[in-house]
Structure formats: structure tokens, C-alpha cells
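This is the structure I have questions about; it appears just below.
To keep things simple, chains are lettered A, B and C as they appear, and every chain counts its residues starting from 1.
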């Protein structure tokens, strides 16, 4: 693997999932691989799981980890080509990416969308600029439109817990008080089309995701119908894509309950708002996989970093 | 040791003090013990000594250290059971503690009191919630009502510097412009009742600490009388416990001076406000142990972490 | 080397440059040297290059790195001797420096000038106070008036790229929208007087640097004349020294262009404002050494840290 900007960078997803599960059973098996190598974790936004799990993944591989909170430790970056930098930005991405590449062997990056400028968000300016100007591989730790490490984690978790060859997986929208990005549902929807599952999406009308991403996936507006016979229910809120970044509904009746999911396993990327997205009874039940998902974040990242280190 | 929430978690305090002093003379003797283990240092509040000394202690044991400033790196946590999380908090402690437990082998935590809600502070909601929902041992790096790593440090320091079998130790209140927590005096008072010292407390009337903690310890309102024949004088400010979190007095006459302590050793947990808590002449004299106390923070933490790692 | 507060701490600059270049070709050759040693990186101000390169330098030498953002992780420090600390500052430098010395083997420090109080800035209170009260070596990661690690980097880069025994090096002032410190031009000017180069400085009238630092160096107010036959052009903005911290001119005609520098190599410490300090055409050309300079930051720091570790 030369980079991990999005799921398209995966050559063979089934093999990558298998590698991650193997690493999980023996996390320190490749500790020599990362010796004298370092990774820079660059955060434009807050992070808990991603920060700790990517750090752990790198350390499991024997790498040194350097963390930079770009908004507080550093200064504002300029991304515009040819701009006359006499205002707020102090350093151009051309220099920043090239310079950071001198100090680390891999750059991992988190940069959320504006949710106000759809075109700009979809251009993925920050991560694409880093890719363009960095001389080392770049890893996406959640960008404006994609969270591929989370989607890989989710695929690993489904692979571990599925009890039939081709399980039914339902992605259901759920209410939330704030406007949230599309990165997680986008990447989950893409990943479900890459592995062998029966996948449907359910949400209130007006919450359609980017049709280029959902592709042929059935969209069912009736949550009850969609959830029928589900093996895995993945809940997530997102803001409107068509009416970009807007909250069209906070309809509480979309909250996930045990009654709705029956015997299905419950998944969520976390952080999750209890009794808004999903009822306590689900999260506190044996059916919830959310903690195992969080655990698998380490091995998803570790499998990706291992591939990148070996690809050098 | 299974955890270090408070001094009650110590089985044998004299042995633990001895272990710390042994580690001090050979800090890297157990560097294999922490191999492939990691500790998460979680800060809800500022820290200098605790941050660096706990990090160093873990590194001396060969552990990896991950630091999370929860207020800036992460987001607000919910601690209420069953709450409908449609307001400010983005993640429930149930998930946060369980998730962080996936990434680290020990969680160390700092969370100061409100000093406005006595009942809530005494419930020690944050550290107790982490203990309840974490699946790995939890270490207290100063909570609302206790700072057991500091108290262990203080006991180590007294053990190193005492010149008689049973020295006289005086905890004296001293003035300070801001309202300070009770964690340090609480834990110090508890520790002094666990080791073989002649212990008295002195403070202006109205500054009584929690009587459940001070127990049978003599409280003397006359500082001069209390300090008589002291071998160790431990100065500390705290706000009123009865009139919770209030400043009842900033009486400068309580400032510690050489004249008051005579030949006694001087102790303070730091940071200390010079010429408010204690005169320059004391801190700059040979009698001051404050830097050695700070040094011992490393070995107190290291002895505790070593015990926890071995107890696994 | 006992410390690296400024360039005067270098015994033999040519040897240090040679050591750095040797380390660059084999960065992990001394990984045993820093075993069980640690460095504390203390930041009063933002940092990207210095933070990452110094961290990498220490890790290359096998050291543990502890980072403290003093303004956010800690609290305000008091530097005044004998002060009655009943206001904003919570800890005196006497304790802070002595305490941090208990936890690390080297303290590295960044503290920018006020640019409003010339006398105070020139006293270098922060770094000098650390030096005075720390019991371990102190390294300057940019202070009010000096940035010796940058100057060492620049000397290394000139040494690598020079094509004649005694190249002509020009330091040119360039416009910038904000008032910038003198640390980089000061240290660069000092360094150029320590190595075998033909050195001139050019800037608009009113931008004279401290004459004690520029010494006998020719000051030429005509940029074109100064740049004639230059082998290396080092661009940098600084605010007025005489009219301390003021912006006297933002004359765009001082921006560096290809036309001006002809075949000379271009240098800048970064971050650089494109098309304000220097035109895109220069930075994007083969003549630009700015990324290599950034790379050399690691080896400058590593050569200094190695010397300090060996000097113990």
C-alpha cells in the first residue's frame, strides 16, 4: 500500500481484514518492522479513539509517534495555489507537507468538513494537498468525506461476528442534536459494497447520502421494514447531503431500540449519544459490539501501517 | 495492587515506601516489566509535576505513554446514568472508559473538584465512574478529594530524611489568594496516620478538614504551639471544608518563616506561592525538601505502577 | 558542550557542522547514547519544525521525549526574585526549573520576545532563569533574541551546498504583514561571522539589527547591489530594532524574486509567506534550499544533543 486516503487504496480487502485479525491475536509480531521509523499524527480536530488507537497501532509496530495538534501547537495553513500570503495564514501546505515529510515516515491526518461549503468539502482540499506535497505516505484519520480506517474496523468486526456467509447489514440514520459529517456513513456504505453482505440503508426522506457513494444500495425510508431480519444494525447520524449540512429532522422515533433490532448485533463508531441515537438497553446488552469495534480500530490501523511500511 | 484510587489500596505502606526507595537507587531495574504495556494519562486539569513524573515513572518501567488532555483533545463526557444526551456532552463515561481500556493497560486520571458542590465532589464521580467502567486498573493522579501519589511521595521523603524513629510532623494551613482543593491535605493527613509519626494539624478556626479524615489527629489553632519541636513542617493552603470552597481568611501571619519552623525540615507539594505560603528564606534554605519531594514523585508513581503491573 | 543557550556555547563550529553531516548519513549510530535519558521540550509558543525536529533528533539518539506546552498544560510562572506571589503567577521559576530537572536530563525551551519591551527581551529572562535554576543542561529552541539551532542548521546547509571555498552569503530583509522577532537574523548574522563566508546584510533604512551582533558586517541599503554575485540569499523579515518591534515598511519591492537572485541558492528558516517574502517561482525552483534546511534541523539538534550527552 502506498497511501491510505480512502478505501480505493486497498488492493484486497479480504486479505487486509485477515491480516488485521492475525495482528490482533499477536500484536507485537512485527515490532522490528517499525524500528527507527516514525509516524506523525496531525490533528486539525478533536480525537479520542483515533488518536489513541493509531498511536497504539504504530507503537505495536515499533514506530515512534509524534503528535501535532495543528490548531493549537502550530498555526493556520494556506492551501490556495499562488496566493499572496499577507493575511491570516502563516505557512503554505507546500512547505508544511514537505517539511513534515522530512521528520516522519508516514503522515496521518484528521481534518473535518466545514459542512457549509459542499463543493470545497468534496474537494478534500486538506488531505489531497498533503498527499500532493508530502514525500511520504499519507493516512486518512477522517477527512471531510471519508473515514476509511473506521470502515475497515467495521468490516473486521462484521467478519469476526457474522454467523452466516452473507449477513444482512442495515445502516440506519438516527437523530442527533448537532449537524454531523458524512464521512462515517460514506465510508461504511462503500465498504459494505466491497465485502460479501446484504446491505441496505434506511433514513428519513431528505437524508439521502451522495448517490455516487451509495450506488445500487437499496434505500428504504421505512426503518421497520429495513431492519427486518437484520444481522447487524449500524446506527449513525448525519446531516442532509442534498440540503448540505442542514438538520432536516431530529425525529426521536428513529432512535434504535432492542425492540426494533430484535436479535441483531448493534454497531456504532462512537462517540454515541445515549438515548438519542440508541437506547441504553441496546448499548448495555450483549448485542452491542461498540467496544469491540473500538478495540478493532487498533488492528485496522496496524494492518494499514504494516502494509505501508512493507510497501516501502 | 489492583488499582490506586486512594491510600486504602495500599496493602503494606512501609513495604511500598521501601520499594520506592529501592527503585530510586536503580530506576531501570524493571524495564522489562512494562514491555509492550502502555499507560494512558488522562488530564481534565493542568499538571506539571504529575504529568512529567508519572510519564517518567512509566518510561522507567519500559511502558509506552499516551497522554490525553480531555478538555482540549477530546470532548465533554456524560457521567449521569440513563441521561438523554441531547445537550452538551458527546460521549458517556461508560463508552469512554471501556474504549480507553482497549488501548492501554493502566488508566491514570486527574480530575479536580468543583469546590462549589460538596456532595458531588465527595462522590468522586469522575474517578469512580472510570473505575466502574474501565476494564483496566485506574490510578488517581489527584481527584476531587484525594492525591494519594503525593501522600506516598511525602511519606517516602519523611522516611528518607527523618532522624528519629518517630518524628513530629506538623501540617500547617497557610494563606493563598485563591480557593484550593482539599485533596493534598486530606491524603497527607491520612498517610500520616498510616506511618509511625507524631502528627498534628494547625489552621485558623473555620478551616477544619473533613473530621472523618483527620480522625483522632490533634487540631491546634495556635500555629506557634503546634510547630513546637516539629521535625517536619508541611505547609498547604486549602479552602474551608465546612463552608465549602470558601476563603475564610488570608491571614498573612500564617505564612511559614524560618523563625517559626526553627530547625525543622520544610515540605510542600508544589506549586507554591513564594512569600505568601512560605518565605523565600525557607525555600532557599537547606531545610527545604520541596525539590526532593518533587523528585520522589517519580518513584512513588513507579512503585505503584510496578505493583499494578506485577499484580496482573 | 554543557549547554546550548547561544552560539557562544559552540567550541568548534566546523567540527560541529561535520558531526551533524555525519549523523545525517547515519542517524541511528548513537542510539545507545541516549538510552534511559530523557529530554523535556518546553514550549511557551507555537512550534512545528522545532518541535518535530528536536523530538526526532532526541529519538534518533535513543532518548525519551516529554513535551510540555507551558501555557496550556501548566500555569503562569513567576520570574521576579523576591516577589510576593499573591496575583496571577502560580509557580516560581526557581521551583519549576529545579523540579523539571528532576525528571529530564536535558531541558529544551522556546520562549519568544514581547517585542514591546526591548530591555526585558534582551535580558532573556526566561531562558536565563531556566539556566540559572535548572540542574541539567538547557537548550535554546528560540528565545527572545536568538535561535542558535536554526543558525547551526543554516551553516550545515551552506556547508553542504557551497561550490566555492568562500561563498558570498546575503541576508536580505523582506516584507511581512506582522512584526517579527530578531532571533533568526541575529543568530544567522552571528553564525556567518563564525564560518568562512563573504557576508553582507541588506535591508531598508531603519531596519538595522543590533550593531553588537552585526559587528563589522557590511550593511547595504540597496538590495540589488547587495545581491550581486550572491551564492546564497537568505531572506527574512524582522521588525525594527531601533524603533523596537515596529513595522517601518512593508515595501513589496523587497520581495525576493528569481530575477533578483539570479543563480543563487535561496534560504529561509520557514514558515514563509509566499509571494510576500519571496515569489512562488523561487520556492518552487531547484534553487530553493528551504526543505533541505528544515531537514537539517534534525541533525543540527542531534549534533548538539549528542555533544551534551557526551559531555556529561
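Keep in mind that, in the parts below, a residue touches a chain if its C-beta (ideal position, glycine included) is under 8 Å from a C-beta of that chain, and two chains touch if they have at least 3 such contacts.
Small disclaimer: the values here were computed from a predicted structure and weren't measured.
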| item | value |
| --- | --- |
| When subunit B is superposed on subunit C by its C-alpha atoms, the rotation angle in degrees, nearest 5 | 120 |
| Proportion of interface numbers common to subunit A and subunit C (over half same, under half different) | different |
| Subunit A and subunit C, separation of their C-alpha mean positions in angstrom | 39 |
| Overlap residues in subunit B, where contacts from two or more other chains coincide | 72 |
| List of subunit C residues in touch with subunit A within their complex | 27-28, 31, 43, 46-49, 51-53, 55-56, 59-60, 69, 72, 177, 270-276, 280, 283-284, 290-291, 294-295, 298 |
| Partner subunit B, residues of subunit C touching it in the complex | 36, 38, 40, 64, 66, 68, 72-75, 78, 82-87, 89-92, 94-96, 98-100, 102-104 |
